[in-house]
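Written below as structure tokens is the structure these notes are about.
Residue numbering begins at 1 within each chain, and the chains themselves are lettered A, B, C and D in the order written.
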Amino acid sequence: MSDAENETRDRYPHFADLQTRWSDNDIYGHVNNVTYYSYFDTVVNCFLIEAAGLDIQEGPEIGYAVETKCKFNKPVAYPEPLDAGLRVGRIGNSSVRFEIGIFRKGDNDAAAAGHFIHVFVDRATGKPVTIPDKIRGALERILAPTSSASSGA
Amino acid sequence: MSDAENETRDRYPHFADLQTRWSDNDIYGHVNNVTYYSYFDTVVNCFLIEAAGLDIQEGPEIGYAVETKCKFNKPVAYPEPLDAGLRVGRIGNSSVRFEIGIFRKGDNDAAAAGHFIHVFVDRATGKPVTIPDKIRGALERILAPTSSASSGA
Amino acid sequence: MSDAENETRDRYPHFADLQTRWSDNDIYGHVNNVTYYSYFDTVVNCFLIEAAGLDIQEGPEIGYAVETKCKFNKPVAYPEPLDAGLRVGRIGNSSVRFEIGIFRKGDNDAAAAGHFIHVFVDRATGKPVTIPDKIRGALERILAPTSSASSGA
Amino acid sequence: MSDAENETRDRYPHFADLQTRWSDNDIYGHVNNVTYYSYFDTVVNCFLIEAAGLDIQEGPEIGYAVETKCKFNKPVAYPEPLDAGLRVGRIGNSSVRFEIGIFRKGDNDAAAAGHFIHVFVDRATGKPVTIPDKIRGALERILAPTSSASSGA
């Protein structure tokens, strides 16, 4: 379940700071819906790079997004800083489902929450590959204990 | 249903051209997953502006995104031009579900497809409002005949 | 000279259509200054790809931006379509100065104008290379006749 | 002078942290030239909001960019964090020239440096206004002592 209304900080084992930018606000004065996916991409890949040694420049395996989704619960706006919570909802042979919550500082419930499904592929051929052990180990460290309940979002 | 695999051109009553940009390609050489949502935002709002008279600068009602989702079926890359198909999957009192397919020129099946749920709110108060008749009329013109089957995505 | 005030359509030998996007408008309701550089990047690289065979995915030479500048004369806003005028102001051994004007449809004077200096480098080493003949030939076809007067901007 | 080669940390009285994002890297694997202007916009407006009380949502005066420029000295790439140095090069009646240097952590010379000229205008009419005293005071606190030498860039 990634309903933003029900996503609280305790549901995320990993957190990262997010800086907002001038360009994140759209004509209506709030962070645009598209920008949240840029936050997702940034947080997920930072985790893979730092915790799992993903080499986005030269590594043999790369992660392709195959499905993403986000629900928006309340607005945020530049210049406020944000927190991103990250957990893994499901690990398959070649794919992983990341679940992300975006929080205003001091808020316990998410301003927005969604998921991001990565398939690992061979950089040269684009064919799916088994998730390498080093990456799998890192993913398991932030695997949600109740991930079986997470499949509905 | 917005599975990109099953989304063909005939399922969309409205089409718009999309230009790709240098910045759409990410380090892996294809249009980044985030960018598709920028296409969605552009196509949906263009339709509302042109077909329904939405005034994004001064109008009393504005559309907030409350949920978006996209599935990615095959890669595209700048500088290739794209087509966006648009239909309305469901119209409520204050909300509307847009369904969008992104197509490579000449392809009949979507490279990516997803949805975008807008809630119309009062610009000043942020409270939901009944969709104005002029907008509702435009939405009905691109309403999917089989929209009852569209609820699963 | 790239003063937007003095940049008229007749000063550009090459034109391209530009589509605006929802995200181009910032909180003040106009296309944000940053976005113009995305237009520059898009138009310059499209020209290099289409007219000069630049292969951004695999080619041995790539173009790095070493200096860019833009002056903003009057605002534009999504969803209006735009025209981009392109000329080459100067061709060196490994570098080229592109000059770009962004025009509203129907306007003869530029809404914004600027330049973009590319250095061609070897993709593997990052070292400057002599501009390949095929690219040089294309650049010369849009070289400004009065380019000697263009050095001040 | 904003030649990136000569821009060292000691030339900037104000610093801010910058986070890079996945989308900052382009197909060539480095932060794209366009993105630096997004950093400029973010840092300049953060300073105006925090140090000078600029109200980007409702305030009577807003800052429009009329000219921006950047020179690129060496590449940077997501996910590395960056520092932005900020100074004011010149204060006029209604306009201000910001000068910005982007630094890799630990580097003393700028990876890129440029300027950003803001004109303050009345939000409703778009006409230039005298810079309000509160903003002028904040600008003077980061005015470059050698700003007379800064006019060449």
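Following the convention adopted for this analysis, a residue touches a chain if its C-beta (ideal position, glycine included) is under 8 Å from a C-beta of that chain, and two chains touch if they have at least 3 such contacts.
All values reported here derive from a predicted model rather than from experimental measurement.
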{"item": "Most distant chain from subunit D by Cα centroid", "value": "B"}
{"item": "Copies subunit A and subunit B touch via same or different residues, half shared test", "value": "same"}
{"item": "Mean-CA-position distance for subunit D and subunit B (Å)", "value": "35"}
{"item": "Whole-Å gap between the CA centroids of subunit A and subunit B", "value": "23"}
{"item": "Averaged-CA centre spacing for the pair subunit C and subunit B, given as whole angstrom", "value": "30"}
{"item": "Multi-partner residues of subunit D (each touching 2 or more other chains)", "value": "22-23, 25, 27, 29, 32, 34, 38, 41, 56-57"}
{"item": "Parts of subunit C lying in touch with subunit A, wherever the complex brings them together", "value": "22-23, 25-27, 29, 32, 34"}
{"item": "Contact footprint of subunit B on subunit A as seen in their complex", "value": "27-28, 32-34, 37-38, 41, 56-57, 62, 64-72, 75, 123"}
{"item": "In the complex with subunit A, residue positions of subunit D that touch it", "value": "17-19, 21-23, 25, 29, 38-39, 41-42, 45-46, 49-50, 56-57, 77-79"}
